[in-house]
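Structures incoming, each one as C-alpha cells.
Okay, so chain A shows up in both of these, paired with chain B first and chain C after.
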Partner chain A sequence: MATDTQDPKSEFRKNQSWLYDTQSGTYVRKSLIGLLTLVVFTYVLFPLYWMVVTAFKTTAEIQQIPPTVFPEDPSLQGFRMVVMSSLQTSGYDAFFEQSFGWEISSAIDIDILTLILNSLKVAVGAGLIALVLGTGAAYVLSQREFRGKNAIMSLLLASLMFPGTAIMVPEWELISTLGLFNTHLALILIYGAMTSPFVVWLMKGFFDDFPDSIVEASRIDQCTPFETFWYVLVPMARNSLIASFIFAFLLAWNELVFALTLLDNSKFTVPPGLLTFVQGFNTQWNVVAAASIIISLPVLAGLAYIQQYFVQGLTGGAVKG
Partner chain B sequence: MTHLEVDGVTKVFGDPEKDGVVAVNDLSIDVPDGDFLVLLGPSGCGKTTTLRMIGGLEDPTEGEIRFDGTVVNDIKARNRDVAMVFQDFALYPHMTVRENLGFGLRREDNDMTDGEIDQRVTEVAEMLEIEELLNNKPAQLSGGQQQRVALGRAIIREPRLFLFDEPLANLDAQLRKTMRTEIDELQSQVGITSAYVTHNQEEAMTIADTIAILNDGKLQQLGTPDQVFNEPANLFVAQFVGSPDMNLYSGRVTDSGDDYAIETDDTSFEIPKALVETEIDTSDVLVGFRPQDLYQRAARLTEGPDVDAEVRVVEPVGTEAIVHAESESGDITAKIGGFHDLAAGDSLTFTIAPEHVYLFDAETEELIKGRLMAERAEDAPTNGVEV
Partner chain C sequence: MSYVDNAQASYEHAIERVPEGVRVYLPILPVMSLVGVFILYPIAQAIYSSFFDKDLLSPAEAEFVGLANYAEIWTSETIHQVLWNTFVWVAVGSIAAIVLGFLMGWLLYEKLPFTSVASAIVLIPWVLPRVVGASIWQFMFGGSQGIINELLVQLGVIDEYIVMLGSTDLSLWPPIVGMIWRLAPLFALLTLTSLQGIDEHLYEAARMDGATPWEQFRYITLPMMRYNLAIGFLLMLIYNIRNFSMVWVMTKGGPGVSSSTLPVMIYRTAFVDFNVGLASALSMLLFVVLLVFSYYYIQVYDKVQGEF
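So, the complex of A and B:
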C-alpha cells in the first residue's frame, strides 16, 4: 500500500503480502526454497551417495549397526576384489603373478570388462534398431494420411504400458523357436522392439511440428522423398534422434529380467552380471558397489558429453526456435 | 521461359461428393511468356491453392495446368522445374547460406561440378548483395536477408517459373517496399514467367503485369492494374482494389435524353450518355466514388453531384489528407489536398467529375460504367478543374 510518502517507490504497486514486501519475508521465502531444494536434492542423490560410500567401506563396517554415514576406515577392498575377479576370469592372473609376483585369487568369477562390452553391444544394437524403425515409422505416421493410423498409434502406446515380464513367456518361446537362445542378438531384438514405440511417439512429435514449407521447399528443389528425408529432415532432427537413441540405449543398458532369463553367465550383460556379485548371506556389498561405480563410469562419461543434445531433443518438439 | 496456362482448374478439399470445400472453382488464366501474374484476393479465396497447384504441391481436382502447351498435372513438383519463394522463407536451418543456395543445383540432374556450383552461388549472392553472408546460418540473418536468400535459391536454378507465396508478408513495411521493387526488377531482368500471391492490393498494383482477382475460389477479373482499378468487373473488385475504400451509395437512374439522371439520397446529377458505353436498362444502381476522385466544391463547377457532409476526422498523409465525413446517407471518405483549414465538425461539399463516377447494377453487381482514364476523358465534356 502506498502510504509512506517519503519512499519514492511508494507510488508503485506492491505485492501486498508480508512474504514479498518485507526484508524478513524475503529471508523466509528464500530459506524455504533453499530447504526444499536441499530435500529434493538429498532424495535424488542419496542412493548414489550411499553406493559410493559403501564401495569405500570394509565388509565389517558395512554390517555395523547403526551404519556410518562416512567410511571410518576408507578401504579400496571392494575395488580390488572387482579387479581381481576380472583379471582371474579373463585369464590374466597368471600373467600378473609371473610379472609382478601378485597373487590373484578371487571367489567370484566375473569379468567386468566383458560385462561392459556385452552391454554396449546389446544397448547400441537395440538403440540403432529403435532409431531406424522408430524414425521411419514416425515419418510416415506424421506425413501421410491412411486408414488405421490412429489405431497404430494407440497400439504403440498400449505396448509401452505392458510390463516386460507380462510377455516373458511368449518372448521366451519365440526366441527359443528362432534358435536365438543365449545370444546377444535375442536381447538386441527384444530391446529394440521394446523401445521403438517410444521413439515413434517422440519422433512423430518432432515431424508433426516440422514446418511443411521446408519439406515443400525441398520438393521444389527437386528432392525425392528419400532425399528430403536424408538431407533435410534427418540433419534437422539430429537432437531428437540423439535423445531417442539415448532412451533406447539406457533401457537396454539397465534391463535385468530378459537378460537374466535368456543368457547364461558367460554372456551376461551388466545388470545380471552385477546380480551375481550378490550371493545370499555372503554378499560383499562393497564389491557390488565398487562394480556398480566402475560400470557407471563409461555411461556417465558418454552421457555427460551428449547431455546437451538430449535436453534439446526432448524439448525440441515443445519449444520452437 | 514458359507460357503458363491454367485451364478450368477446380480444387476441392475433402470428399467432393459430400462435404468437400471448394477452394478453387473453374479457374482459367493464361500467362504469356515472361509475364508477371499476381493472384490477388482476400484470405481463403484460393489464390495460394492455385499457386501450389501450379507448383505441383497440390493436385487439381479437375482441369489442366499446362506449361508451354504440355499438361503437367501428373508431373511431380520436383520434376516441374519451378522455383518457389515461401511466406516464411523456408530456408534449411541446418545449412549455411551457401549450402541453401546450392542445394537445388546439387539435387538437379545436371553435370555441374562443385566448382561450377560454387561459382554460380557466388554470382547469385553478388546479384542479391549477400556475398558476405554466405557462411552464415539462416538463424543469424535478419528477415530481409533471409528473404534475399530465399529469392537467391529461386533464381539460381533459372527455372521455368517463379512462384511467390506472399513473400513479403513477414517483412516490415519499409522493407516490403524495397523488396517489392527488387523482386520486380529481378523478374524483368531474368524475364522468367512469374506467379505471385498476395492479399495486399497495393503490392499487387505496383508489381503486376496482369492481376487475377479471386474471391471464393472464383476468378473475378483478369486484367492489367489499370483495368482492375478503372474498370473493375464488379463490385467486389471495385471494393477490393484501391485504398481508401470506394464510397458506395444506392441510386436510381432515369433516362433524360442526352443524359442519364442519377439520384441518390444525398444528391442528384447527370452523366452524359457519351460517357457510358452500354445502354443502362435498370433503374437501381450502385454509385461509386473513389476517395481520390472527390474534391471540395468550387463555385465554377456546375455539373457533377454535390454531396454535403460534416467532417469527422482528418488524417493527414503528407501533402494530402484522408477526410472521413458524414453525409445524409452515410459515411464518405475523400483523399484531398488543401486540408489545412479543415477540422472536425466543419461542413463542406464534395463533388466529382462525371467521368470518374462508377456505376454498378444493384442486382448483379456488375459494372455499368467505369472510371474513364485521362486520355479517354478528353473526348467527354469538361466539367471543371480539380482543385
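So, the complex of A and C:
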C-alpha cells in the first residue's frame, strides 16, 4: 500500500478499481446506487403512502380490484366515519342533532375519542412517574460512587429487555392478585416501571456530561446536594427532561401486550382498541387508515421534537447521537 | 418562608436521621421498587408457575406437576414448529434488517441531501404505533384487495392473486417483511450516527497512504463502528424475538401455528387455552434467550462506556 512515491495522489488513483477509474465505471456505480436508493426507500415509504392514500379513498374505491394507486375520487369519508362513530358511541349524537340539526349516524363502531383519552391518561401518568423517579436516581448514580452501583445499572439495563411478551403471564397473575385488573392504574405502574430505567440511563448521560465546575460553584455558594439538583441541574436539564418524558409517553402510547391482556374492552387504550377494530368483521380499511393517521399524529409530533435524542434513548445512552 | 423552603427544610431534617451510608440509596429506592415489583417479581412468579398445572380462570386449583410442562415443550410437535418459526423469524428478520438498515444509513450519510430531515422521515416506521404499522401491512398483504398481490402479478412473479396470510406455507413471511420494515430504520439511524461520529481526517490520512474505498471501509469504518454495530445487532435480535404485535395483528399466529412465534404462542397458551403452567414454561424459554442477549448487550455497553 504505502510506498515512497513522491505523489500520493497518483498512487491513490492507481489503486482504484475499474468502477472508480473510468467514465463508464462511474455511470455503472451511480446508476447502481440510484437504483438501490429507490428500492430501499420505496420499501420504507410506500406503506406510509399507502396508509395516507387509503384514508382518502371512498369505501367503494377500497374494494376495487386491482387497487388504485392514486385515489380517483379523494374524499374524507373515512375520517368522517371515525368522528361520527366516536360521537355516537360517546352519546353526543343527540346533542349535535338538537343544537345544530346534524344527523349523526354511523354503521361502524370505533370510539376513538375514548380510546385516545384512555391512552392519554395512561401515557401521561407513566411519563410523570418515570420522569420523577428516574431523574433523582440518575443524579445519584451519576454523581456518587457507592457499593452496588454497577449492579444496579446493569439490572436496570437488563430490565429494559424483558417487558412485554416474556412476562405477560405472570404480570397478569400479579395484577389480578393486587386487584388492579382492568384498571388504568395497573398500566400506569407497569409502564412507569418499564420506562423509568430508560429515563435513568438517558438522564445519567446528561448528568455525566454536565460540567463539574457548575456543580462545584453551587457547592461553594453553600448549596446542599438537593438544592444543587433542584435549582441548578433540573432547570439546565430541561430539554433532556422533556425528551425523557416524550420517550416514556410514546412507549405507553404504543404498547399493546399489557393493554390487551390487562384490560377489558370498556377500558381499552388506543393499540388494543384499533386492533379489535382491525380484526373485527368486515373491516373498512379507509376508516382504519383514517383512525391510524389520527392516532399517529402525537407520535410524529413527538418524533420531530426528540429526534436528536433518539439514538441515545434507544440504546440506553450507549451511543451518543 | 416560601412553600419550597419549608418543604426543603423538613426534607433536610428528615434526611439527616438516615445514616450516611444508606442515604445515597434513597433516590434509587423508588425506581428499584417499581422495577422490582412489576418486572423482576413477575419473572420469579413465572419460574414458580411453570412447575404447576394451572388454569387461568381458576388459579387456586393449581397442582404441582414438577417438570411436566417442560417435558411437554420437549415432546410437543406443535411447539417444535413454533420454535423453528421463531428461529427463522429472528435469523431472517435480524439479518435482513441489519443489511437493509446499514445500506439506508450509509445512503443517508453519503449520498442523500437533507440528512436530518430524511432520517426523521425514515424513522417513521419505527415510531409509528405498532398496531398501526402492522395494520398497514395486513391490508397490503391481505385478501382480494391487497396491493402486494397486484404488484407480484405486475412483476410476473405470480399469475393470479394468491392467499398469503391464510396459507399454511406462506403465512410466516408477511409478518417478517413487516418487521424488517419496522426495524431497518432503527439500524439505519444507528449506522448514520456512528458514521457521523468518525473523524474525516482518518479517511484523509488513509487516502494519502493510498487506501482504496474498500480498504477505507474495511480498516477504518468497520472498526470504528464495531461497538455501535454490536449494540444494533443485539437490539435487532431482542426486538425480533420478543415481537408480538406484528404477528398477532396480521395473522394471529395462524392458520394453525404456521406463523406463530414464541411470544404469540405464550399469549395463545395463556389467554386462549388458559394453560398458565405451560405458558409460564414457554416464558422461561423466552426469558433465558433474552437473558443471554442482554448479558452480551451489557458487556458491549460496558466496553463503550470504558472507551469514551
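Here, the second predicted complex is superposed on the first by the 227 of 321 C-alpha atoms of A that agree within 3 Å, B and C clash if a C-alpha of one lies under 4 Å from a C-alpha of the other, contacts with A are read in each partner's own complex, and residues count from 1 in each chain.
The rule is short, and it goes like this: contacts are C-beta pairs under 8 Å (C-beta built on N, C-alpha and C of every residue); 3 or more make two chains touch, one makes a residue touch a chain.
Keep in mind it's a predicted model, so treat the numbers as computed, not measured.
Asks: First (chain B), second (chain C), both or neither: which does A:224 touch?
Replies: A:224 sits against chain B and chain C alike.
Asks: Which holds for A:295: it touches chain B only (first), chain C only (second), both, or neither?
Replies: A:295 sits against chain C, while chain B stays out of touch.
Asks: Who touches more of chain A, chain B or chain C?
Replies: For chain A, the partner with the higher number of touched residues is C.
Asks: Which of the two partners, first being chain B and second being chain C, lies in contact with A:59: first, second, both, or neither?
Replies: In the superposed model, A:59 contacts neither chain B nor chain C.
Asks: Going by the contact rule set out at the top, does A:133 touch chain B (first), chain C (second), both, or neither?
Replies: second
Asks: Go through the superposed model and pick first if A:214 touches only chain B, second if only chain C, both, or neither.
Replies: After superposing on A, A:214 lies in contact with chain B but is clear of chain C.
Asks: A:142 in the overlay: touching chain B, chain C, both, or neither? Say first, second, both or neither.
Replies: neither
Asks: Intersection of chain A residues contacting chain B with those contacting chain C?
Replies: Touching chain B in the first complex and chain C in the second, residues 224, 227 of chain A appear in both lists.
Asks: Of all residues in chain A, which touch chain B in the complex?
Replies: 211, 213-214, 216-224, 227, 231-232, 235-236, 238
Asks: Within the complex, which stretch of chain B touches chain A?
Replies: 55-57, 76-79, 81-84, 86-88, 90-94, 103-104, 107-108, 153
Asks: Given the complex with chain A, which residues does chain C contribute to the contact?
Replies: It comes out as residues 8, 11-12, 15, 24-25, 27-28, 30-32, 34-35, 37-43, 45-46, 49, 56, 59, 100, 103-104, 107, 111-112, 116, 119-125, 127-133, 135-140, 144-147, 150, 153, 161, 181, 184-186, 189-190, 193-194, 197, 207-213, 215, 227-228, 231, 235, 238, 242-245, 248-249, 252, 262-263, 266-267, 270-271, 276, 279-280, 283, 286-287, 290-291, 293-294, 297-298, 300-301, 304-305, 308.
Asks: In the complex of these two chains, what residues of chain A are touching chain C?
Replies: 1-3, 8, 11-12, 14-17, 20, 33, 36-37, 40-41, 43-45, 47-48, 50-51, 54, 62-67, 69, 129, 133-134, 136-137, 139-141, 144, 146, 152, 154-159, 161-174, 176, 189-190, 192-194, 196-197, 200, 224, 226-227, 250, 253-254, 256-257, 261, 270-272, 274-275, 278-279, 285, 288-289, 292, 295-296, 299-300, 302-304, 307, 310-311, 314-316, 318-321
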